[in-house]
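Okay, got some structures for you below.
There are two complexes below, and they share chain A, which is joined by chain B in the first and by chain C in the second.
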Partner chain A sequence: MEITVAFNKVDYKIGTTTILNNISLDIKAGEITGFLGLNGAGKSTLLSLINGLRNQTSGKITLLGTELPSDDGRLRSKIGVVFQETALYEELTTFENLEFAAALYNLENTKERITEVLELLKLMDRKNQIVKTLSGGLKRRVAIARGFLHDPQLLIIDEPTLGVDVEARHAIWSHLRLLKSQGRTIIVATNYLDEAQALCDMVAVLHKGRLLTTASPDYLVSRAGYCLDVECDAEAGEKFIDILSGKKGVLRADTTPSGLSIFLKDRTLKKQMLDIIVGTGKINGFRFRSPDLAEVFKSLQEKNDHVP
Partner chain B sequence: MIKRLWSIARLDLILWRRTPFAIAAAVIPPIGMAMVLVTLSLAVLQQPVALVVDGKGPNAQKMQRIIQTDSDAYFLTITDAKIAQRMLDTQEVAAVITIPSDFDEKVAKGEAEVGYVLNNVDIDFSDDIRRSVDRSVAQFDAPQLKLDAEEEEEGPAGSVNPEADNQYLPNPYRVDVYKRDLRQTNVEWFSYQTVSAFILLILNVGLMGTALLSAQDIERKTSLYLVVSPTPSWQLMAGRILGGLIAVMIALLPALILAAYFKVISPPLTHWPALAAIFTTTALAASGLGALLGALFKGSRLIAMAASVVSTYLFLLGGGFTTIAFVPQWVRNLSAFVPTRYAIDGMRQALFYNNLDGVVLDLIILSSTAILTIALGSFAVRKSQLV
Partner chain C sequence: MTMFLRVLSASFRAEIIKLFRSPFLIALVMVQAVTFLFLVTLFGLTGAFAPTALIDYDKGPLAKEFVKNLENAHHSFSLMFNYDYKKALEEIRHGNLVAIIMIPQGFSKAIAASRTAPIGVVIDNIDTDMSMDIQRALPSAITDFGRNQGFKEIRVESAEKDLIDHDTDFVTYMVVSALVLAALVISGILSGVAVASEFESKTVEFLAVSPIHPLVVFIGRVLAANIVSVIGLTVAVAVGLIGWGIKPLYPLQMAGVLLVSVFIFGLVGMALGVSMKKAFPVASFIFGVALPLYLFSGTYEPERFDGNLLWAMAHFTPLYYAVGIIEHAVLGLKVTPESVTVNYLALAGWALLALYVSWRLTRKNILS
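Coming up: the complex of A and B.
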């Protein structure tokens, strides 16, 4: 498969502080790739190396066949960027923001293209609304519309659903999936594992400037295990851990303030484990869920000696 | 390219128009300055003075008449000594002139005095009154001298006063003064200072306005969007400067039309193109400096502060408050590097002189400043966004 962006042993430092350390990564064309990590992991910095806002300290980055840094305007016109802060002109209407973007990217048939994009992102009814009066979710959609208005080969989105409600979040995800289905390569930086699961074909997990792993979101989740949260008192919790540790299919069991969390290799083990627990002692409740990002990191740390 | 430049300029104009605070911040200081100029121009022409006439004789009345007719100098209240003193105490008048009761007797003996008590808190106003009283006394003593010889047809100062033909007093002065003015008429103080108000308007809208729009860009991170776009840096700068130029013209044109309509400015017709060129290049240079500050500094507060300081120095060192040719040499040397000096010189030359000497140089320097800001800003605008 064609490679859109290739990082080869890339470092980025500010003074003596290392922000990104020895990153090697290939981003495939036509896929949604997620940069996954907690705040300060280096996700936004990695994005800014691609969009040209920063230059790497060492190593090689190739973007659409061109080595970075590059001051080539044609290369910049092949990428679309959606910043963490929407970076829209708040006093302008949705249409005026897109019209300005169209002029910057020297687009022809501006009105038709803007209409097409607004329809695609279901923003036609907001066309003449001043941006500062839009909700956070709508502003994000306008920013995404602006990002791919010029039909870029690569769309870079930093935190696509930061600060938006659940409904808007799902709407944005479906729009991004739609863009992917049209053949675009998309890079998304996110804090949320569920977002990566919902959107990405592949994720690069970053932690403190290092690349921990690249894998599919489902693989990461399965590696961390499906989680069974049990509410119980501390004494019962200790008893359950003793019984469950070493059982087949149990990856890990940790105490929590409200009881314990048991990580299972397979969803289907849920009932079997619950039966064991209920037969052993009293519980106040339970919940079955996917692991969160911190739990994924923990599982990765346990299995990677090099992880700091 | 034109489409991009116009889009950036149009964007800035829309943002400016939809931010009433920005319009107010740009327009209020020059309007305030114009009002101060009007007030000051009235104040510097006439000083409020109380006249007490205690003498009843013909000479006392003649002295009174001379002082009364000098309406250019005094804004006169004729009253008694008690009220005059109260007015002086309450600062309603700057001086009390008294023609004493024995004035006629003393005139006959050649010992007469016109007394005045002066609130000399301000040397400028005080000297005006001192000169005016001296002039009134000189006119009493030598009526054959025409002391107000501003009108060309009346001939040079010191000629025989036709109104004094029936008086045969010898001219007590042995030295005459012959003056030659550069202009047919004096330039009114208010008209002369109007240039400063125009400069302030251009600096406020062009430099401050453009710098603040750049600051807003950085604050809202829209600058990042501009920088990652394929638009070349120089076009980002030039578009912003074009926006600044149009904004200045929108603010300046009504002011110019009003000033011309009320004859505050009345340059020769042939000077209007030069004047338009000076205003345009000044607006370009001011907007360029604003855009450059916006590109050089990070952070809206820093940009706003830098723009404010730079505007103030450009105004003062360029000669906004005084004619730069009349200030100490070291200030003149310093002002040679200040573009507003050439703007002010060019405007005054086109407005108040009969020729356009030096205006071409002023235009070249102002245009070069604008081009230089685009060149420097082009480097800075992308660099400033990089970490």
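Coming up: the complex of A and C.
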């Protein structure tokens, strides 16, 4: 498969502080790739190395066949960027923002293209609304509309659903999936594992400027294990851990303030484990859920190996 | 080139829309333009006219002659006649008068009889500048009076030869210069704020990832800010022409230098916006340096009276050259040793410098 962006042993430093350390990564064309990590992991910095807002300290980055840094305006016209803070002109309307962007990218048939994009992102009814009066979710949608207005080969989105409500979040995800289905390569940076699961074909997990692993989101979740949270008192929790440790299919069991969390290799083990627990002691309740990002990190760090 | 013009025009349009969606800002710009005219007028009025009560106890013909000489003796005198001594003293204590001049009873008779007549003077010496005006003016008036009356003891008289064929009123002189000061403040601030707000709102990052250099967008914004500045200055010029009765000798040259000033000071504002990246410091800086620059630039009085050091320093400000051109255009004065052409070239140099600084710093400041 064609490679859109290739990082080869890339470092980025500010003074003596290392922000990104020895990153090697290939981003494939036509996929949605996620940069996953907690705040300060280096996700936004990695994005800014691709979009040209920063230059790497060492190593090699190739974007659409061109080595970075590059001052080539034609290369910049092939990428679209949606910033974390949207970077929209707040005093202008949605349409005026897009019209201005169309001029920057020298688009033809401006009105038709803007209308097409507004319809795609269901923003037609907000066309003449001044941006500062839009909700956070709508502003994100306008920023996404502006990002791919010029039909870029690569769309880079920093935190696509930061600060938006659940409904808007799902709407944005579905728009991004639609763009992917039209053959675009998309890179998203996110804090949320569920977002990566909902959107990405592949994720690169970053932690403190290092690339921990690259894998499919489902693989990462299964590796961390499906989580069974059990509410019980501390004494019962200790007893359950003793019984469950070493059982086949149990990856890990941790005490929590409300009881314990048991990580299972397979969803189907849920009933079997609950039967064992209920037969051993008293519980106040339970729930089954996917692991969160912190738990994925923990599993990656504990095993300290590379995932294919 | 087509893309350059398209982006320039789109940025211009976007900024115009933005500015005209803030009618309060436009109104403030106009008020600010006119405010400078009032400000420098106050300088002129307080510096040029010392309110002085004249109490004539004599009321004779020679006393009246003497008053005429007082009125003509010094531009600083603003004689007021409706005071008695008690009221005048009260007004001096309240700071409404600078001095009281009293012509004693028997003044006309004493002069006619060739006797010395003492003129009583009370001076508020809290401000030496004002009291020295009085101290200079009075002997001058007495000398003129003596010469007119044929006093034999006066054997010296001045033979005045004017440098130019017309006198220029001090307030008019300063108001004309204030028009380019207003251009600096309005255009510099509007342009600087427009550019700095690109950094503040981070929209500059969007510009930086686009195919065209952000400087093209900035210039479009400066041109839009120029339009609003020209509207503000037009109001100020109208106030100057109608309110102050200024009649420009070369109206087209006056319009030309004001337009050039608006554009060049806009570019200077752009360079400051790129350098500082924040709107409030840009506005404060321009506002803060405008008045000292104005005074440096020979706008308070012709530059050669300010001493060589200030005059040399004035050459490093664009206002100096703009003042040189506008004083020539409106009043026919040559207040700089440099010709009008050289002054225009110096302003063009400032424009190029502002463009170069902006170009050098834009990407650097975005990357930082």
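Convention: the second predicted complex is superposed on the first by the 304 of 308 C-alpha atoms of A that agree within 3 Å, B and C clash if a C-alpha of one lies under 4 Å from a C-alpha of the other, contacts with A are read in each partner's own complex, and residues count from 1 in each chain.
What we mean here is this: a residue touches a chain if its C-beta (ideal position, glycine included) is under 8 Å from a C-beta of that chain, and two chains touch if they have at least 3 such contacts.
Bear in mind that the values here come from a model prediction, so they are computed numbers and not experimental data.
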item: Simultaneous placement of chain C and chain B on chain A, clash or fit; value: clash
item: First (chain B), second (chain C), both or neither touched by A:Arg184; value: neither
item: Partner chain in contact with A:Arg140 - chain B first, chain C second, else both or neither; value: neither
item: Which of chain B and chain C A:Arg169 touches, first, second, both or neither; value: neither
item: Chain B versus chain C as contact partner of A:Arg223, first or second or both or neither; value: neither
item: Footprint overlap on chain A, comparing chain B with chain C; value: 51-55, 73-74, 76-77, 79, 81, 83, 85, 87-92, 96, 99-101, 103-106, 146
item: Complex contacts: residues of chain A adjacent to chain C; value: 51-55, 73-74, 76-77, 79, 81, 83, 85, 87-92, 96, 99-101, 103-106, 130, 146
item: Residues of chain A defined as touching chain B within the complex; value: 14, 48, 51-55, 73-74, 76-77, 79, 81, 83, 85, 87-92, 96, 99-101, 103-106, 146
item: Interfacial residue positions of chain B with respect to chain A in the complex; value: 3-4, 6-8, 11, 14-15, 18-19, 220-222, 224-232, 385-387
item: Contacting residues of chain C [partner chain A, same complex]; value: 2-3, 6-7, 9-11, 14, 17-18, 21-22, 201-203, 205-212, 217, 366-367
